[in-house]
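In the two complexes that follow, chain A is the common piece, with chain B as its partner first and chain C second.
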Partner chain A sequence: MSKSILRKEKVADALNALGHASIVYIPIKNKRGLVEYRELGKEASVADIKLDCKPDVPPKAIMFPQTQVLFAFKRVGGKIKLAPTVPDEREKIIFGVRPCDTIAISVMDKVFMGGKFVDSYYKVRREKVAVFTIACDGPADANCFCPSTGGSPVGTEGSDVMLYDVGDSYYVEGISDRGKKLLEGMSANLERPSPDQEKKRDEIIRKAASAEGFAKRIAPESITKLDSSFDSKYWDDVARKCLSCGACTYYCPTCHCFDINDEKGGKRVRTWDSCQFSNFTMHTSSHNPRTAKAQRLRNRYYHKFKYSKDSTGRYLCVGCGRCIALCPAGLDITKVISEVR
Partner chain B sequence: MSDEKIREEAKKALRERGLKCVIGWSADGTPFFAETEEDADKLSFNEHCANNLVTYLTQEVRSQRGKTRDGKDKIVKPVGIVVRGCDSKALRLLLNENILSRSEVFIIGVPCTGVVDKRAGDVLYRKCVKCAMRNPVVYDVLASDQVPEDEKDYSEVEAIENMSPEERWTFWEEIFADCIRCHACKRSCPVCYCDECLLDPTDVAIRPDTTADEKAHRPRWVERSVNVRENLVYHLARMPHLAGRCVDCGECERVCPQRLPLRLLTAKLEKDVKKIFNYEAACEDGQKPLIAMSKMEDENEFIM
Partner chain C sequence: MSDENHYIPHVAEITGIMQETTGERAVKTFKVAFKDKSAEIKFKPGQTCMVSVFGKGESMFAISQSPTRGSLEFSVQRVGRVTEMLHELEVGDEVGIRGPYGNGFPVEQWKGKNIYFIAGGIGMAPVRAVMNYVVDNKNDYGELHLIYGARTSRDLSFKAEIDALEQGGAIDVRRTIDVEEPGWTLLDNKNPEQSKFDPSSRKFTGFVATTVSAMKCSPDNALAVICGPPIMIKTSIGSLAKLGWKDEQIYTTLENKMKCGIGKCGRCNIGGVYVCVDGPVFTYAQVKKMLNDQ
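Here is the complex of A and B:
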C-alpha cells in the first residue's frame, strides 16, 4: 500500500491511529492567528488542523529547540557533579509539512549529522521524527520562491510520506521505508486510488514542474554576482533599513546557529543565536570581525547563497519566503539577491 | 496629493539645506532613503506606510557624529524625515532628551488617517482605529491638511485592569510564553536608543580593551534561555525604562513576528503615568523628562 488514498473525513481517524505509538504534531492556527505545529491531544485537537496554507512557523524547533538544556551541574562536597538531560523517548510524526520545510530538515541533517562530528543532541531528536509532507499546488503564498533555490512545490526530499490534495481526498505515497511502514499501520483508513485520482496527482506534479505562478524569483546569474560583490557599497545601502533583529533567522527553517551559556541554577544551555546580533561574532579576545550591521547582513546572504553552495553544493535557503513576510523593515531576500551589484 | 508635496519639499530641502538624505517611504510602503532629488521622486505616503522611521533618523544622525583627527567635532549634515503624528511624538521626545538637536533634522509632517496591516489582510492596525495623534506635533512643513483626531481609547487596557490577579497572570503568562525574544520590539523602538541594553544579552557593548574578567562578570539580568520567566523579565523591565518616554506609537506591536499584543503594556504605562504623575510623554517642546522631576503632589506612599 505504498500508494493509496486517505479521504479527508478520515484524516482525524488516521491521525488518532498514528497517535497511539507516536507524538503527532499538526499545523493549527494559534490564538494570535499564526499557523504553527502543536502536539496533537495535548495542545491541539484534530478539528483545528490547518492544511490549506503554509504555516507561519516552520517545524524546526521540534528537532532543534530554541532553548535546550545540555546538562545540569552542581557542586557536591568540593566536586562538580554533572547530570545529563534525558531526551524524549517517543517516536514523533510531523504531519502536514510543506516541501520547503521538509527539504530544510535534510539541510539541517547535513549540518548536524552529515560531517565528521555528529551533534548527538540533534541526532537523538531527529532520528525519532518522521515527516508527512503535503505537496503544494504551485506557490502556497505570494512570498514563495522554492524553484529558485532548487526546490519544488512537490519536492519529496526528506519526506517519509507524501500527501497530494486531490480534492475530497489526499493521495498518499510512502517515500522512505519508515514512511511505508507507518502507512501499513494506517491501512484501515486507506483505500486504493482510482484512475481519476492518479490522474489528478500526476497533474499536480506536472504543474509544479513548470514552476508557473511564482511572483518571486532569484535568477541564477544574480547569485553568481555574489562572487564579485563582497566589497560593494550595495550592502551598506541594503543594511540601512535593517534593524538587526533576529526575526529572519529565527523563522528561517534552515538557520541553525546557536550559542551556549552556563545559566543560573547550574545549567549549560544551548539557545538559538542570530548572525544579525552584534555579539554573534564576538571573539574571546574582545575583537569583533563584524561590528557593522552591513557586515552582518551581508554575511547572512553570503552564507545562504555562496558559502554553503561552495562547501556543500546546495543553498542554505529553501525559498519559503518567511523572512520576507516577517521582516519589520520590508527587506525581501529575492530582491536583495536579484539587485546585487 | 501629499506625495507631490512630500517630493517637492524633500527636493527643496536636499537642495537648499544640504541634507544627507530624506528618510521616507516608497510607494510599496517600505522605508526609503532619498539622497538625491531624483530619489526624492520615489517618496510616497499611503496606507501601507507603516514603519515608524524615527529609529532610522537617530541612526543616520549618530553615524555622522564623532571627532576629526585634530579633535574637532565632525560636521553633521542634517537629515530629513517624513513623519506621521505618532512618529512625530517620538521624534519630539528625542529632541527633548537631547538625543537629536532640532538643527540636525528637517521634518516633513504627514497627517495620517491610519495605516494597514499587510499580514492581517490589509485591515487597519489596532492602534489606528482610534487614534489621538494623527497630526504631526513637530515639523518644518506639512504635506497635507490636518485631520480630525479621536479621544485616546483605553478600553482594552481597562478590560485587563478589571481582571482578577489570577486571570491577569494567566493572560500575560500565555503571551510571554509565545515570545521568541528576536528583539524586534526593542530594535525598532524609536526611544530605545541605548548602545547597550541590560535586557538584551545578544548585544553587550564590548570594546577591544574589555577584559575577559569584565565580560565574565557582566550583570546578566536576563539569560539567553527563552522561557516564560526570562521573557517576562525582558518585557516588564523594559516598561519602567519607557515610563514618561513611550508615546505609544505601537511600533513594537507592529513588528512583532509572533503578533504579541505589546501595546497593552505601553498603553497601560501611558495611562498610569498620566494618572500618577499627571505627565504625558512628548506633549510639548522642551518638556523636562519625567524621571528628572519631582512634585510635592506626586504620590509617594511607597517611599515614605
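Here is the complex of A and C:
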C-alpha cells in the first residue's frame, strides 16, 4: 500500500483514523485570516482544513515552540531544587505540509541535532513528528522560489508521506518506513490508483521538475558573489528600507535564533528571538558587534546563504517566500541576493 | 555527543569568595563545588561555563583557575544584572553551572615555548587559568612572562597569588597601570619604542602595549596570550607585530553575547564562526581571516 489513493471526501475519516494514535495538526484559517497548523479535535476540525494554499505560518513551532519552559527552579529551605520540563512524548503528525516547509524541518534538524551538541528539547519533539507533505503543482504563490534553494514543488526530502492532488483524490505515497506504516493504519480509507491517476501524478512531477512558472529566482552566481561583498556599501542601501521588525525571522521556517531568560515564578524559558533586533548581540559592557541595521540584515542573508552552506552544506533558506509576502517594507530576499554587488 | 540535556545546570555551592578589587566595577573570585559530586567537570584552561543565578539568568564566564589546582573558580566583574546579583551572594549560597564550553588553549602544542601572558583588566581571568597551568607544568615550557595592566594599582586582581609566583621565580612579572602613581616607572605611551626600560623595574605607568614595546618581547621560540579589552588586544598585537611577531604566534580570546553556549542560539557568531563552540581561543591569524563583524 505504499502507493494509493485517498479520495478527498475520505480525508476526514483518514485523519480521524490517524488521530487515534497521534496528535494531528492540520492547516486551517485562523481568526486573523492566516492559515496555520492547529491541533485536530482540539483547535481545529476537519471541515476547516485548508490544503489548497501554502500556509501563512510554517509548522516550525510544533518542533520548536515559540515559548518553552526548559526547567523550573525553586528554593526549598534555602537550597535550589530544579525540576526539568517533562518532555512531550506524544506522537504527532503534521498533515498537509508544503515541500519547502518539510525541507525546512530537515534543515532545522541539522541545526539542533547536528554539530557537537544535540539540543535535547528539539530532538524529543522532532522524533515524535511524522510529516505528510502535499506536493505543489508548480509555485504555490507569486513569492515562491524553492528551486533556487535546491528545493522542488514535489521534493520529498524529510517527508514520511507524500500527497499529490490528482483532482478528486490525493495520490498518496509512503516515503519513510514510518510513513508506510502510518499508511497501513489508514488502509481502510485508501484505494488502488487507476492508470489515469498514476498519469496525473507523473504529470505533476514532470511539470514541477521543469521549475517553470516561478516569477522569483535567485541565480547561483549571485549567491557566489556573497563571498566578496561582505564589506560592500550595498548593505547600507538595502537596510535603508528595513524596519528591524523581525517579521521575516518569525515567519521563516528555518530561522531558529532564541533567547533564554528566567521568569517570575521560577521558570527558565526559551523564546524565539530575532537577529534583526538591535539588542540581540549587545554585550553587558554595552559594546554591540551589530549595532547597525545593515549589519544585522547582512548577518541574516549571510547566515542563510553562506555561513550555513559553508558549515552544513545547505542553505538556511528553502524559498518559501514568506519573508517577501510579510515584509512591511517590501524587502524581497530574491532581489536582495540577486542584486548583491 | 550524547543526548544529555545541555540546558539544565548543575547546582553548585559557593565555597569561597575572594574580593579581588573594589569600587564600582569590583571583581570577585568565586570558588564553587558541585552539590552532586558526579557532576564534577573536566576542563582545559581557556574553557568557559554558563553560571546561573536562579531568578536572574545565566552568563558565560571564563574559568579563572587552572585544572591543576583542583578547584573550579570564576572571576567576575560587576557590570550587569547577573554579575551584580553574583556579587551579592555569600559563601554557602547556590548557583548553577553548565559546561565546560569552548576549545580552550592548546597548551599541549605549546610545549618547549617561551610564553608571554599579556592581560588587561578582567582579561586576567582566563590568563590566570592558563598561566597557572603552565606554571604547574613548568618543566614542559620555556621562559615565562606576565605583563598585566589595569587602570590603577587598586584594580589589579590576584595580587597575592601573582606576588607569590614572582617571588618563587616561576615567572617574570611586569605590572602596568594607566594613571601615574608613586613608585611606578613612567613609560612614554606616545613613543613606546623609545621608552627606557629598566629590567629591574616591575611596576610601570603606561599602557600594556607600551610595556610590550619597551620590554622588546622576543618572538624567538615564543608565543603570546593576549586577553583584555578590545583596544588593549589590538594595540598589544600592534606592538608585537613591530617586534617581528607572526600572527600565528599570538593567541587571544574573543567574547560575544551568548545564550546557549552550544552553537544553536545564533547570537555569538562572527561570520560563520561561533565563538561559543569554535572559540573562545583563536590565533590572531584566525581572527584576521574572520569577517569584519565585530
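Here is the rule we use: the second predicted complex is superposed on the first by the 338 of 341 C-alpha atoms of A that agree within 3 Å, B and C clash if a C-alpha of one lies under 4 Å from a C-alpha of the other, contacts with A are read in each partner's own complex, and residues count from 1 in each chain.
To be clear about the criterion, a contact is a pair of C-beta atoms (placed from the backbone, for glycine too) under 8 Å apart; a residue touches a chain by one contact, two chains touch by 3 or more.
Worth saying up front: this structure is predicted, and the values here are computed from it rather than measured.
J.: I'd like to know which partner A:H20 touches here: chain B for first, chain C for second, both or neither.
T.: Neither: A:H20 stays clear of chain B and chain C.
J.: Identify the partner contact of A:A329: answer first if only chain B is touched, second if only chain C is, both if each is, neither if none is.
T.: first
J.: Look at A:V269 in the shared chain and tell me whether it touches chain B only, chain C only, both, or neither; answer first, second, both or neither.
T.: first
J.: Once the shared chain is lined up, is A:S278 touching chain B (first), chain C (second), both, or neither of them?
T.: first
J.: Going by the contact rule set out at the top, does A:F73 touch chain B (first), chain C (second), both, or neither?
T.: It touches chain C, and chain B stays clear.
J.: With both complexes superposed on chain A, which partner does A:H287 reach: first (chain B), second (chain C), both or neither?
T.: both
J.: First (chain B), second (chain C), both or neither: which does A:D310 touch?
T.: After superposition on chain A, A:D310 lies in contact with chain C alone.
J.: With both complexes overlaid on chain A, does A:F230 touch chain B (first), chain C (second), both or neither?
T.: Second partner only.
J.: Using the superposition on chain A described above, determine whether A:K116 touches chain B (first), chain C (second), both, or neither.
T.: A:K116 contacts chain C only, not chain B.
J.: For chain A, which residues lie in the overlap of the chain B contacts and the chain C contacts?
T.: On chain A, the overlap between the chain B and chain C contacts is residues 259, 261, 273, 280, 282, 284, 287.
J.: Give the list of chain A residues in touch with chain C in this complex.
T.: Within the complex, chain A contacts chain C at residues 70-71, 73, 75, 79-80, 82, 84, 111-112, 115-121, 123, 230-231, 256-262, 266, 268, 270, 273, 275, 280-285, 287, 289-290, 295, 299, 302-303, 306-307, 310-311.
J.: Spell out the residues on chain B that touch chain A in their complex, using ranges where they run on.
T.: 28-31, 33, 51, 55-56, 59, 119-120, 174, 178, 180, 182-184, 187-188, 201-204, 206-212, 215, 220, 223-227, 254-255, 257-261
J.: Write out the stretch or stretches of chain A touching chain B in their complex.
T.: Of all residues in chain A, those touching chain B are 30-34, 66-67, 237, 240-241, 243-247, 250-251, 259, 261, 263-264, 267, 269, 271-274, 277-280, 282, 284, 286-288, 325-326, 328-331.
J.: Under the touch definition given earlier, write down the residues of chain C that touch chain A in their complex.
T.: Within the complex, chain C contacts chain A at residues 1-9, 11, 52, 54-59, 79-81, 83, 94, 96, 230, 255-257, 259-260, 262-272, 277, 291-294.
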